[in-house]
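Multiple structures are listed underneath, in structure tokens.
One chain, chain A, appears in both complexes that follow, with chain B as partner in the first and chain C in the second.
What follows is the complex of A and B.
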């Protein structure tokens, strides 16, 4: 058993930013535990550009964005153990294993969970058909091409038009594959418009809304998929089936926070986000345990992950320095089109300005995002358009935040302008 | 007149670009970048290209690369062909020029990732 003031689980963008901020807040005894052989997390395989517009005011590729934070962490001499898998956490003791040290236990004063998210697999969406080779999650295909230099297939259908699916349509096309169609269950894409233009329209790849894959055919290898239109309740419509010959099906059907460790530790999770329920210091229901990045809720932009994680790192350092406990909080509800808002709790004894991140359930135009305290509008923000694919934010001034901290009830909702 | 979606930011404004007029007139944009994008996209669309190049003796098989500036959309696949079959020796450093001066444009393919030698 070894002692460490701060253990950070995960060396991706969230963990790196949390470590940097904790150090800058005065904490020196920090250890990052990373499962992969190098830090940087998913950014290592996201070779496209578009990262860092908020954080660095320039457009970087994923590996470049990761390298900037890796350099910040290295310059501070923060220790990072790669190839190290965290097995469990109990009583603020982290059990982890790697090839050099074997099984090791660290007793921590504070822990930051920064373990990212996972892709929803085929099993989660119940597509009927053969178990032929050639069905990949979009992220797996991305790793095979961009890290390992292997092509997953030649003729491709992609299910799901989230950003990863769109990016992979272009990437496979660049590598010589024929992407025959992108199939989207919903009547809209959860990906960015700019990606629909840059990744599909540039290459005349058809995007079919309100369709899904109802069967996968093939013996050893996928030979075709069957797609069908769906009705308003997202049920396939009989008679609309169409077979598309292909050898590969990529699934880009959503991301889920990776919370197996948090679950077994007994951290309270939100059924909506799949991540921990946190207060405005990003502390979970376990005192001294913080969460940030995609393990807390799935983000669209790494810039927002970095910002959130720096707050978690600074909070953890403050907790170690001054102590702290789970304090009396006001809960922030979500309704009328807002699915959730993070943080879900705000400490009544806190001070200063506050920021919330949230997602809406469907596309809405000319609306405002409203924070209501005890039935009264305290803050609002007008939006020309809100979509489920893009995270929204609401920032409170210190004065508005003070009203919230004294409120009995608070809710964030959409209202017509 | 051409209709297009601006790709400068997540707003995705729907632009109407009157490319038969001089100077070209853009409608539907909500900022100056959109006007510039619309006019350029109508006449000579450009893209930054990101891809990979194979590495010999590296800790991983591929190094990621990007064009150091935007290149003509029509030359994207020709530019990608310059990377096909190309192999560079580890170590590769972020910023290394992998293919210099693509088609005389002054734009290079540069590495966006450091790949160390395999241990």
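What follows is the complex of A and C.
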């Protein structure tokens, strides 16, 4: 058993940013645990550009963005153990394993969970058909191409218009594959609009809304998929089936925060985000345990992950320095088109400005995002259009935040303008 | 004496192992590239108590005999087995006599400790069971086993005792040459045998009919299943049956020894004996009917679906014994409770063959097989010792199931070892968890290529033609 002030689980963009910020807030006894053989997380396989516009005011590739944070962490001399998998957390003790140290237990004063998310697999969406080779989640295909230099297939159908799927449509096309269609269950995309333009429209790849894949055919390798239109209840409509010959089906049907360790530890999770329920310091229901990045809720932009994670890192450092005397919370509800807002709780004893991140349930035009406290509008932000694929934010001034901290009830919702 | 066994499912492997106690040269021919690739990889994994089969049938006899063997056999061969008990649930007062009849039938078959419980008592033990359940037959001797884990254990022990496994050998002809039976394979290879043992599962009729004038007919009866995430495994601790129907034991809610819960199987007769596709209708039926047992089931907890084919012989019972033609022994029509019956069937088959051919018992037979290391189930001390001996056990490859590189390498190096992703999955559970191989697939491909000495582009999911990638990026 070893002691560490701060253990950060995950060395991707969230963990690196949290470590940097914790250090800058005065904490020196930090250890990052990363399961892959190098830091950077999923950014390492995202070789396209478009990262860093908010953080660095320039367009970087994923590995470039990660490298900047890796340098910041290295310059501060923060220890990182790669190839190290966390097995469990109990009583603020982290059990982990790697080839060099074997099984190790660290007793921590604070823990930051920055373990990212995973892709929803085929099984979770119940597509019937064969179990042949050729069905990949988009991220797995991305790793095969970009890291391992291996080509998953040559005639491709993509189910789901999440960002990774859109990026992979372009990537596969660049490598000479024929992307025959992107099939989206919903009447709108769950990806960023810029990706639809740059990855599909620029390459004449058809995007078919309100369709789904109802069967996968093939013996040893996928030979075709059957696509059908869906009704307003998302059920396939009989008679609309169409077979598309292909050797590969990529799935980009959602990302799920990877919270199994948190669950076993007894951290309270939100059924909407799949991540922990946190206060404005990003502290979970376990005192001294923080969460940030895609393990908290799935982000579209790494820039927002970094920003959020710096807050978690600084909060963890402050918690270690001052200990916890936690005031009561006001809970922030979400309704009228807002699916969730993070943080879900705000400490009444806090001070200063506050920011919320949220997602809407469906596309809406000419609306405002409103924070209501005890029935009164305290803050709002006008939006021409909001879509489920793009995360929305609402920032409160210090004065607005003080009203919230004194409120009995608070809710964030969409309202017409 | 040369014996050729056709089929490396649980029956072929169990028969091979029991025959390897005797002085004979034994070869197993399997059309796939691994053992347990057919029905043995896709069934309920239930070790049935034995109340369901008709008294006096082969099914009843071998079910009850087989069930009793599992405690010592699982210890001897190192596979997972647990007596979790089973309920047959009854949803209406009118059906209670059927339940009582089942208990009487069980008694006649020699099943011990059967009891009828009230709905309230059942819900005390299984609190997710439907309020609509009025009574149930409790069978504490029912158990669960990993059907492929058991098959692999049998195969490894058979191989350790000298049995030769030949894969990718699809039998295409059977004939006689002098006193020998000649087995021809699709790839042109031939095997001469003094006796052929037909353990060909759903293709058992095809094999018989190649040699024997007395024709058999097997109907492939398709069963579709859904597997739930481990976080949903509280819904059942015992195996939960509904009252049986003509086509089988109905839809089960059944825990697995791996810690998941399964729903299924459906029962639909199909023409294509190799078609293990799932269907929308079948999956919906499996889920809806399972909800009758456990109404709170969530479709969100489903992590994968699969289909198995039962080898249903039109006579309705197992067919075990010397065929009415020379040089052939049939072990066919081994549908449920075939997995449960397999240890007893294998002993009987080996004993009958050894008597007929006056085979002597070998003195060097080794009955024990060491179970492969399972990092996830070890204590911290055991883990530390294992990593100290081999650092590869400190590298977690499959994060969902906590499977280490050491375990994957071990699975490849065993005999018969894993050759593809599915083989790794069945031996170690890597890729069987909630992400279904999303993260670990590329890592396992690297390890397979390294250990097998092949190019990574040649790595397959389940044998030739199922290569994961089509080549390198240009």
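Heads up, the rule we're going with is that the second predicted complex is superposed on the first by the 415 of 417 C-alpha atoms of A that agree within 3 Å, B and C clash if a C-alpha of one lies under 4 Å from a C-alpha of the other, contacts with A are read in each partner's own complex, and residues count from 1 in each chain.
We take it that a contact is a pair of C-beta atoms (placed from the backbone, for glycine too) under 8 Å apart; a residue touches a chain by one contact, two chains touch by 3 or more.
This is a predicted model, so every value here is computed, not measured.
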{"item": "Contacts of A:145 with chain B and chain C, given as first, second, both or neither", "value": "both"}
{"item": "Chain B versus chain C as contact partner of A:333, first or second or both or neither", "value": "neither"}
{"item": "Partner chain in contact with A:355 - chain B first, chain C second, else both or neither", "value": "neither"}
{"item": "Chain B versus chain C as contact partner of A:64, first or second or both or neither", "value": "first"}
{"item": "Partner chain(s) touched by A:390 [first = chain B, second = chain C, both, neither]", "value": "first"}
{"item": "Partner chain in contact with A:121 - chain B first, chain C second, else both or neither", "value": "second"}
{"item": "Which superposed partner A:49 touches (first chain B, second chain C, both, neither)", "value": "first"}
{"item": "Contact residues common to both interfaces of chain A (with chain B and with chain C)", "value": "145, 147-149"}
{"item": "Chain B-facing residues of chain A, complex", "value": "37-38, 44, 47-49, 53, 59, 61-64, 67, 145-149, 174, 192-194, 196-198, 202, 384, 390"}
{"item": "Of all residues in chain C, those that touch chain A in their complex", "value": "227, 231, 274, 276-280, 282-283, 299-300, 302-306, 380, 383-384, 387-388, 391-392, 394-396, 399-400, 402, 434-439, 441-442, 445-446, 456-457, 460-474"}
{"item": "Chain A residues within the chain C interface of the complex", "value": "35, 83, 85, 87, 95, 97-103, 118-119, 121-124, 126, 128-133, 136-137, 139-140, 143-145, 147-154, 175-176, 214-215, 217, 219-221, 236, 247, 260, 263"}
{"item": "Residue ranges of chain B touching chain A (in the complex, touch as defined)", "value": "4-12, 47-52, 54, 59-62, 64-66, 73, 77, 80, 94, 112-114"}
